[in-house]
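Some notes on the structure that comes next.
Letters are used for the chains, namely A, B, C, D and E, taken in the order the chains are written, and counting of residues starts over at 1 for each.
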Amino acid sequence: MEFWIIQSLNALSFAMLLFLLCAGLSLIFGLMNILNLAHGSCYLIGAYVALSVYTWSNNFFVGLIGGAVAAGAVGFVLQRFLLQRIYGRRLLQVLLTFGCMFILGDVAIIIWGADPTTLEKPAFLSGALDLGGIFFPKYRLFVIAVGIAIGIGLWLFQEKTKWGAILRAGVDDEQMARAVGINVPVLFTTVFVLGAALTGISGVLGGPFVGVYPGVDLDVLLLAVVVIIVGGLGSMKGAFFGSIIVASLDNFGKALFPELAMFTVFAPMAIILALKPTGLWGRVL
Amino acid sequence: MSSKTKTVIFLFSLVAAFALLPFILSTYRLGLVTSALILAILAMSANLLLGYLGLASVGQAAFFGVAAYAVAIFTRSVDGAAWSAIGMGLITALAAGVLFGPLAIRTRDIFFLVIMLAFCQILYGVAYSWRTITGGDDGLPGLVRPELIAGISLDTPLGYYIFVVIVFLMITGAFWMLVNSPFGLVLKGIKDSEVRMRALGYNVWLYKYLAFIISALIGGISGVLHAYFYGCPNPADFSLIHSSSALLMVILGGPGTLFGPLVGSLIIVFVRDIVSSITDRWLIVLGLAYVCTVLFFPDGLLGTIGKWAEPKISEVKDQAAASTNTPLEAQSTADTLLPTNPSE
Amino acid sequence: MAKTVKKADRAIMIALQIDNVDVRFGGLQVLTMCRLSIEAGEKRAIIGPNGAGKTTLFNVISGIIMPSAGKVLSFDQDITRSPAHVRAMHGLARTFQITNLFNNLSVLENIILGLQALTSTKYIFYRTTSSFTELIDNAVSLLRTWGLEDKKDRPVRSLSHGEQRQLEIILALASRPKILLLDEPTQGLSTAETALVVPMVRSLDPSTTVLFIEHDMDVAFQMADKITVLYYGSVLAEGTEDEIRGNPNVAEVYLGLEGDNA
Amino acid sequence: SEPVKVGYMISLSGVYTALGVDLRDGFNLYMDEIGNKAGGREIKVFVEDKGSNDVSRALDIAKKLFEKEHVDILAGIVGTGSAYALAEFVQKHKIPFVISNAGADDLTQRKNNPYIVRPAFVNSGGSHPLGEWLYDKGYRNAVLMGADYAAGYEHVGGIARTFKQKGGKVVQEIWPPLGTKDYAPYLAKIDRKADVVMVFFAGADALRFVKQYADYGLKGKVALVGKGYLVDDNILEKQADSAEGIITESHYCLLLDTPENDKFRQAYTKKYGHPPTLYSEQGYLTAKLIADALEKTKGEVKGEEFVKVMRSLELKAPRGLVKFDTYGGTNQNSYIREVKKVDGKWQNVPIKTYNGVSQFWIWSPEEFMKLPSYSDMKGKWTE
Amino acid sequence: MLEVTELNTYYGYSHILHGVSLTVKQGEVLAVLGRNGVGKTTLVHSIVSFAKPATGRIKLNREEITGLPTHQIVRKGIALVPQGRRVFRSLSVIENLSIPFPCQTKTRDNSWDLEKTFQVFPTLRARRDQRAGNLSGGEQQMLAMARALVSGPDVLLLDEPSEGLAPLIVKGISEVIQKLAAGGMAILLVEQNFNMALKTAHSVLVMSRGQIVHQSTPQDLAANHEIKARYLGM
């Protein structure tokens, strides 16, 4: 019994971590149809900057803001000066953001070195909480809470406000969107920056968990892509439940069939895609 | 057709260039060309899917790696059978295509990209964890190039170069024939509008499947050549960086062009070589190369040069494309990750 | 107002029969117990208010949508579950309401795709397309017939809206279908261009069955032998021009009160 | 006369970048010290990035160094896959090959090669004394845990073999994949009967593992011991409290109080602004080995001969005295260390030294190589 | 209200509009007729800045709007019903109607709300939550009109609004247009449907090869067989 409770909590906390990791990607993809392969770089830059700011200010939350701002700034440059020139050309976006991933990854090595590092969690969140005999790390509970909160917030933003509709309109037919009075370029830049900043935040919150090291950009990108694909592109709901599914399969797969650990992420994804080619909650594109 | 004569002229100058290269290049440079050719073949297999079906695959390495491993495993267990080892490699790649095909071609655009990635990762996992057969993370070093025809050894850089050039030219020829055949035309039609093709009476599924299998086979050929070139199949053959670079070579050279993959692979191989001896942080330069390609040669190098050659027509074309009712619609070959089919 | 040569000596064959077809999208019932029977060689117009289910009916016939109930028969063969390409092999061709061509291919290549659809050449991969001179000649002569020969090497996306609509029809005709479905063939064409379409359809081989959707009543009445009115997914009326014009229900839901055609 | 050309191939991109940088810096430090000269000849070094896991790239670079730059000696190499592939390459082209890091057992055991000398370590080499030491400390029931690849099996297997031989018991084996992000499902599985967990993780994995081990309240309950990489000097500061008390074995220890190490540490810190790691020391020793051999041969490099000379040297290294056996592996000290706070800083403090440990431990080479390899033993330790 | 003077527009090297001038007054419906490809859509596109005119000026309520970005022009009081509908396919009907930016018009009270829109197009109410991409062709056309109306513009540009609509609806639309004009809106109507245009408009323009070749009242045009034969192929 204890085994199942702990493993379920593990799965849930990993799920929320995954959700944090993929929310920014899903937001940008869902609303703007851009697959931002530099997503992992936003994580990386966000986490590193947060680390520097945190060390300097000695305050986790100041670090958090620093990380979000830095990642947002990366997003701004990427969208405003690069992506906007190749609007709507998916494959070029893939190539461009992939190139940016290389560049940012190397820039990070130059600035912060190559040693793996991690963000220290704030003191009040370290240690484990006693849940009636079962010890569970406080920080993980915190991640669960934050994940759920961000999930609800984004869902409301995307589905329940006009913003979501306006953005999707811009994606459907950019020219017509301008013709109903929407300032599309500014709008897109704003959303992209928001998505990037969110990713930066995930870098800060995930930092104590996953760590920051050269190559984490690709690791994070892969996980995030898997999640939003399983959940179905373009829906926050998909990203949220996709995280839970991927995390549960991964967690219980590893716990129960450790020899299959290498396959717990990608094999289920291949199966899900083969059965449902647009992901579980996918919007028809 | 003038484009046909152009292709023929180009092909002849290419053969001449390949014949001359051994006299002007150092052994090392010749080796680089060899490896670029091997990668170009892999890129061609990606090009078949991307340039002619609009499916971007970051999983071509699946076939590549599978073939490379098959050669090494077969050579280890049955010795002295070079031809059959090569045959084994190709059959395995083909089998992988036959097996994955039905799953993969159900999906489209980004989903296709990712399901191929998943196949690759799964095979990576197999290669990594099935130590007894695959050697785990150390791979299977020690594959020696065979003597295919008595007396002619491939074990010299020059010998192998010639072998690879011959294979490359054969595949290029076959590829040219394929894409200019009725079969190839059908593929291009599918890329533009699947629904319409079905309504006309084409079994779209079958075509996609066949193209997928052919692409798997070409990827397998590249894998076999690769296996003998380095003599050491290893899990990195399945890595994301590896397969994505095949895709990037296609985009760089120009998707849907015959020689785009070659141009792309030559550029990447040589840029990497030159830059990496100048600076440790050569990835920045590689990344910049990608960014600049996108900004300045958005249709790939060959595509963009093709445009310069006929500026007026292209401008009109561009405008016309921009004014259609669906501005998101693919405007050129490089955008076809998402063929917007008005599927009513 | 018979406009075709009567083929009295020919035994009546049913080219297409729609039997109680239902289609629903989620909660929305689009076709309800829809029935239709069309004789071989007949030219039949389908009219009806927007959203009546006309295009959906075409999608069912051509195999793009599977009905939730009912049957589709073609020359006594049940094709309800056949995939689209199999139906096309049986001789069924269609155009699309929203132009659906191969935009990046040349006009000639578009036609070739139409021509070879029902031949075995389409699987050949060891010969270039241009070496099939007969095929090319056929394609060119088809284009010549429709006055598009000089545009044959232009990419389709650079054609004008009207030319694209024309090509849409030629493409469907290329495979010499036994049954041709035209979804609003004159939509977006100017009066002058519309005037070209009517004779084009009338000049088809008389054995070709044509089913078309049209909102321009002049065109509908000129081209059709018989007219079916679809309303909320079922057939409201069926008959000749005079019967339809005289039908008060049709006038009310579709034509407007005066029922004039200006 | 012509300079001696050395190709130094390390990882400057990918997951091994941190190691590569240190290997390079250590190497350069020694070269600076001797003014890039030995045996009367100038030494010209070509530093190349071989990537992290990409064997083909490593071979490309080796070819480049050999065919284009005509190097006399190849050195470096972080990952074992590349090392195996290069072993064939150097044998074919008769180039001395100095391995600065790759630790796979068989490189200097079952697949030994007359062109290889390895002034670094052998994966299982230092594990053997640790296993005995743990038994002597009173531990009896062990859980084995390591990254699921050959290095993991060898590092951990070495500890298990001597531990079991003395009478200890292995109750469980857990092998999470390399690069695991969340160790929670594995940590929750650890058998609470165990009194010690023997692990091998490195780099970012080690950082995460140690923190998550503490997060789950296991720290202090079940002893965590392993190979030095678990609490490498470059990550220890980040692990901080969570690493407290962890016992590890390593062939190097920053705090060693020997004249060689003091000198090395000071020079290194002065040059690069931070203290060295064991990788820095390995790079340093690689350079020293090549230079000393050149001194001895008066600058002459002749394939197999030169390797023989290198193998015959006794080096006074920062890590202690290093000798080589006829397989190209090391006889060197093995340090058992504990993580403690020293002067307000977390440090690996040496608590026991085993001198001159052979890669074959107490066995003769033949005996040892007849035993099943550690990779084959994976999954069978609990029997 | 809308004043276009000497507009010249190019696509690449091809000169499409040759000095087109026109004025649409408040409460007026001005119809533009012409064969396929004469430049009618290009004219409309030039006004909303989809295509950039090389020379010429456009004024809205005497204010110069030439060269402004599309979204600003639109916010000043112009709405467009484009050719080919171009509804936002992935949005629901209601979302399509909720996003247009309200025009900042000062000239008259022209507030539109959803209710009013649904009264004109009751089908849309029934399809409220359906994805616009799945609407039938005609429903999409209605939605495109409704979308233009909800922003409450001064000037409405309609590019072939009757395309693909059933006769009854065409009639309905014609009436709506007349009503809107009566309420003070200025309407530029591009049409292929000759009868509908004549019935709806106060004044008619005929275009040929990018030039305006005829301007008159509908009645005069109906009687002018030469113009009809020469420029409209009738």
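Throughout what follows, a residue touches a chain if its C-beta (ideal position, glycine included) is under 8 Å from a C-beta of that chain, and two chains touch if they have at least 3 such contacts.
Model, not experiment: these values are computed from the prediction.
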{"item": "Steps needed, at minimum, to go from subunit C to subunit E via contacts", "value": "1"}
{"item": "Co-neighbours of subunit E and subunit B - touch as defined", "value": "A, C"}
{"item": "Whole-Å gap separating subunit A and subunit E, where each centre is the average of the chain's CA atoms", "value": "44"}
{"item": "Inter-centroid spacing, subunit D versus subunit A (mean Cα positions, whole Å)", "value": "35"}
{"item": "Centroid spacing, where centroids are CA-atom means, of subunit C and subunit D in whole angstrom", "value": "75"}
{"item": "Approximate Å spacing (C-alpha centroids) for the pair subunit A, subunit C", "value": "49"}
{"item": "Residue list for subunit D, restricted to those that touch at least two other chains", "value": "13, 148"}
{"item": "Multi-partner residues of subunit C (each touching 2 or more other chains)", "value": "55, 97-98"}
{"item": "Shared interface positions of subunit A, touching two or more other chains", "value": "106, 109, 171-173, 175, 262, 285"}
{"item": "Subunit B partner contacts - residues on subunit D that touch it in the complex", "value": "12-13, 47-49, 53-56, 59-60, 63-64, 67-68, 80-81, 84-85, 87-88, 104, 148-151, 178, 375"}
{"item": "Contact set on subunit E toward subunit A in their complex", "value": "48, 50, 69-71, 74-75, 79-80, 82, 86, 88-91, 95-96, 98-103, 147, 151"}
{"item": "Subunit D-touching residues of subunit B, taken from the complex the two chains share", "value": "26-29, 31-32, 35, 128-129, 131, 136-139, 141-142, 157, 226, 230-232, 234-237, 239, 241-242, 273, 276-277, 280-283"}
{"item": "Residues of subunit B that touch subunit C when the two form their complex", "value": "1, 4, 177-178, 180-186, 188-189, 191-193, 195-204, 316-317, 320-321, 324, 329-330, 333, 341-344"}
{"item": "Residues of subunit A defined as touching subunit E within the complex", "value": "162, 165-166, 168-169, 171-173, 175-184, 283, 285"}
